[in-house]
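The structure under discussion is supplied below as structure tokens; questions concerning it will follow.
We just call them A, B, C and D in the order they show up, numbering each chain from 1.
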Amino acid sequence: MTAFQIILMGLLIICAVSVSFSKNLLNAILIYMSFSLVMSMLWICLESPDLAITEAAVGAGITSVLFFVTLKKIHAIEGTEPSKKEEPKDE
Amino acid sequence: MNFICNFPFFSILLSLFSGTICSVLPAKATKVVNRMVIVAVGVMSAILLLYLLSTGEPFIYWMGHFPAPWGNEIRAGVLEAGMALFFCIIMYLSMAGGAHKLYGEVVESKHSLYYILVNLLLSSLLALVYTNDMFTAYVFVEINTISACGLIMIRQVGRTIEAAVRYMIMSLLGSGLLLFGLCIMYDLTGHLLMSNIRESVALLVATGEYQIPLIVSVALMCIGLCIKSALFPFHSWLPDAYGYSTVSSAAILSSLVSKGYIFLLIKIIYRVIGFDIFNNTRIIDVLFVFGLMGMIFGSMSAIQENDVRRMIAFSSVAQIGYIYMGFGMGTQAGMVASVFHILSHAATKSLLFIAAIGLTDVSGGSRKLTDLTGAAYRSKWAGVAFMAGSFSMVGIPLFSGFISKLLFSQAAVQVEGKMLASLIVLGISTVLNAIYFMKTVIRIYTPSEESACPCITFKDRKGYTIVLICFVVLNVILGVSSQPVVNMIEQGLAMFA
Amino acid sequence: MGPNLLANYGEAVSAVLFCIGFTNLLLQTNLIKKIIGLNIMDSAIYLFLAEKGYIAGRAAPIVVDGVTSAEAYINPIPSGLVLTGIVVSVSVTALMLSLTIRLYTRYHTLDLDEISTQLKKEGR
Amino acid sequence: MSKKRPASEYQKTFAFRFFRWLSGSKDPYLGEVEMHPQKEFRADPEAALRHEKEHDAILDKVYNPERNMEMKLFHKLYHATSIIFCLFLIALLLVTISWLPASGTIERPANNEVAERYIEKGLEETGAVNIVAGMILDYRAFDTLGESHVLFTATITVLILLRLNKTEKDEAELSDRRFEPKNDAILQLVATFLVPVIIIFGIYIILNGHLGPGGGFSGGAVIGAGLVLYLNAFGFKKTERFFTEKTYKWVCFFSLSFYCLAKSYSFYTGANQLHSVIPKGTPGAILSSGLILPLNIAVGLVVACTIYAFYAMFRKGGF
């Protein structure tokens, strides 16, 4: 059991480091999704199923969906044309 | 179990519940509900304070059916009730003072959202004041952070959103470190309630095991709370956050939000670790040095500022340096001086913010100091209030600033190692304060003819002027009859452990 | 160096993750990367807290066929605290992302330093 | 006694000249300093334009990160100190962790009488089979009350930021409505089968919060995810039939106020040692463990509506 936990924790560190060095935003978010999936697996190994369900539903589900919507709104994903909308200058 | 003992629980639940109710009420009603809730909580805290002064010892209030280490609990003493009452007074006056500007700067549909955030901020402040459980304190610190961020960005101008982002990043760093320190403390003691943690910490210090994790956990918690209350090296987010937000949120943020975190730090010093154990760790010297540097560099950058509200924001960095210098002295008198300075700074700072907005209204809305010349002639009451606030900041007798500087010097004299440093820096920072505050007072009182701006008299803005008068009166009361307040603080700190 | 660093390998990994998230939050210029760093930092703290409650060889704290002796289950307090913490991280992430959208529509960049230079230029 | 002197003689005395200079009425430089007459200033347009261009050029040069030495130096310094600070933090934390009690062992301060009572008396005192749910919603209910208000505060702040008022809303709606519904058959087919299953699974997690793992937060998140999938597949028009801003406002209001009132009832009765009339029920049955089931339903509704509101706010700035 501890070997499996050590592998999962190794995966966590690899995901965290690769997120900080990835150039493309989309890759960063996909790696972050895998990070939180590995984290929910780790919760199961630590005998707390409550956290596993919540982390899976909230970490991989909602946070990543919000990240993707933000990227769409920020036109970071290719193919979505940036609409130039100038807000009035503030003071 | 006297009925009055329910008041802390009632005030927290009332402000939380009013936040929920305001989400469905129309805009006009939310303003009334907000004012009523603040008044109701203020009255309850006043009655509780009188009751506690009469009985003389704090009481524990179980939150649920189970006793201390299992269930949650609130603990109310003289200091907590006094702080809650003072916070309600300041919040009511700040909301009333900034109300007229709220209509100018905030979109009509978002007023009710603003009042919901103010209610939730009040409930988190009350919970921070009353709670006796560390993780509840962390949850309400999060509510405090998010609603304060909402208060900063309510004005929807490019600058406020950038200020809100910087504020959030620094605050989340702070609460991350606070939670990390909390987890280590939980691992060492097995409890989450403050009084039980103190017994286990005393046991640990006596047996001498886990010394390093104990000191690191206390250090992490202190650094986290210092970042959140904008002590000197971590204050980069403060001038933008206070400088560009609407008036009432600037007043509330500068006087109440950072004080909530400082009050939690006082709780950690007294109730989680114990006053004497905290003195033996070298952390108080670090706080002392950071406080001294904050006092000098905060005032220095305020002198270079030419935007009147950013100048006042930088001066609150210096005042927070005063408070941490008081903690750093490590004596009871130092703590009493710091707690009194929390009260006097809260009263003076919101007075200055609200008076400054009166001056900028009459000088064409520009906040540059050069345009403010003669503003005091155009709006007399704001000029008088700003002068009173500056005198209190500089420490001229009859105002509360003088009393806190007096208490700080009295406390400094008793500490033989740190006396010289604190007295010298106290003098230097008073001179620096005098430079930039008197410069502004002189500027608003130099007559200038050619400005075509309107003159605002008492009749134009009755509510605003009454609020200014109340603030000046509050300041003078704190300055003149400060002895009962100091006795109350000493009594509160004595029963605080 | 204390005796049980290797015994606490879980906490050591969470400390390393905490510092990676901390570095991302401080060093990354892109706002989205900062928010991901923030999430990594929070998950690391919750891993650190959950490791506290784990006791080898005991089952999850759900009472199975009436056995309520303390030796059968792990310590339930940390999982309760982490459950609260996860929801705090979600709400903070949603807030930071909406701030990022508003900043992008206003300044068309995600880089905080660029935004502050634009602000300084505008500030004239 | 000094006799009065005539005005002309007094004007020559030193005292008169000093006080006149002090009151500033006589300018000492007037007439002494050689000044040629001032030219009347006529602003010619192109000079002003040139000044403007120079001003912008200077500004760009000053704020251009590549050429501005001070900014570059600051960035290097900032990165260097941050990396050093983080390495120091890693070392500090690893040293503290090495001194902490070994994880997974039994004799550690955390396994004290607090945890034992939660496990041993948890079932009979709260009636919840899932001890963690019992602990969250009954022993330490004040944290979870604060918790759902953290979520509520975050929703309010997102509303402040992203909700478009009437004029902008129509324009933004147009831009988003143009893309929907994309009517791609695969997503709609998958959604018709998947969404009901997800929602039933979410309801199962909420209702069995006190019996098995899960509870209000995770069940609400699952239902929220199901609603988001439905919105993506069938577009805003379909979802606005049953989920508008009004339903969101009232659902959040009722569940949060029920949560507040139920918990304040149990706090009040607990603090004043009154007997609370809520039955504990037989452990293991659905309708057992007193308030925990209705509280789980309330929290589940709040979390589901909040997550759907976040998504709708981010996507369209409104409902």
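Heads up, the rule we're going with is that a contact is a pair of C-beta atoms (placed from the backbone, for glycine too) under 8 Å apart; a residue touches a chain by one contact, two chains touch by 3 or more.
All values derive from a computational prediction rather than experimental measurement.
*Asks:* Could you quickly compare C-D and A-C and let me know which has more C-beta contacts?
*Replies:* C-D
*Asks:* If I average the C-alpha coordinates per chain and also across every protein chain shown, which chain's average lies closest to the global one?
*Replies:* Of all chains shown, the one whose C-alpha centroid lies nearest the global centroid is D.
*Asks:* Please tell me the distance, in whole Å, between the geometric centres of subunit A and subunit B computed from their C-alpha atoms.
*Replies:* The mean C-alpha positions of subunit A and subunit B differ by 36 Å.
*Asks:* Averaging only over C-alpha atoms, locate the centres of subunit C and subunit D and give their separation in whole Å.
*Replies:* Taking the average C-alpha coordinate of subunit C and of subunit D, the gap between them is 15 Å.
*Asks:* With chain centres defined as C-alpha means, what is the inter-centre distance between subunit A and subunit C in Å?
*Replies:* Whole-Å distance between the two chain centres: 12.
*Asks:* Measure off the straight-line distance from the CA centroid of subunit B to the CA centroid of subunit D, and report it in whole Å.
*Replies:* 20
*Asks:* Identify all positions of subunit A at which a residue touches two or more other chains, and write them in rising order.
*Replies:* If we look for residues of subunit A contacting two or more partner chains, we find 48-50, 54, 58, 62, 66, 70, 73, 87, 90.
*Asks:* Identify all positions of subunit B at which a residue touches two or more other chains, and write them in rising order.
*Replies:* 135, 139, 142, 146, 149, 153, 158-159, 161, 180, 186-187, 212
*Asks:* Can you tell me which residues of subunit C touch two or more of the remaining chains?
*Replies:* Subunit C, residues with two or more chain partners: 2, 10, 16, 18, 21-23, 26, 51-54, 60-62, 77-79, 81, 83-84, 86-88, 90-92, 94-95, 97, 99-102, 106, 122.
*Asks:* Note which residues of subunit D are touching subunit C in the complex, please.
*Replies:* 59, 63, 65, 75, 79, 82-83, 85-87, 89-90, 93-95, 97-106, 110-111, 114-116, 118-123, 129-132, 135-136, 140, 143-144, 147, 150-151, 153-155, 157-158, 161-162, 212-213, 215, 217, 283, 303, 310, 313-314
*Asks:* Touching residues of subunit C toward subunit A in the complex: what are they?
*Replies:* Those in contact with subunit A are residues 9-10, 13, 16-17, 20-21, 23-24, 28, 30, 32-33, 35-37, 39-40, 43, 46-47, 50-51, 53-54, 58-62, 74, 78-79, 82-83, 86-87, 89-90, 93-94, 97, 100-101, 104-106, 108, 110, 122.
*Asks:* Considering only the defined contacts, which subunit A positions touch subunit D in the complex?
*Replies:* Residues of subunit A touching subunit D: 48-50, 52-54, 57-58, 61-62, 65-66, 69-70, 73, 83.
*Asks:* Taking the touch rule as given, give the residues of subunit B at its contact with subunit D in the complex, in rising order.
*Replies:* 1, 5-6, 9, 13, 16-17, 19-21, 23-24, 61-66, 69-72, 107, 109-110, 113-114, 116-117, 120, 123, 127, 133, 135-136, 139-140, 142-143, 146-147, 149-150, 153-154, 156, 161, 180, 184, 186-191, 200, 210, 212-213, 216-217
*Asks:* Note which residues of subunit A are touching subunit C in the complex, please.
*Replies:* Going through subunit A, the ones touching subunit C are 5-6, 9, 12-13, 16-17, 19-20, 25, 28-29, 32, 35-36, 39, 42-43, 46-51, 54-55, 58-59, 62-63, 66-67, 70-71, 73-74, 76, 82, 85, 87, 89-90.
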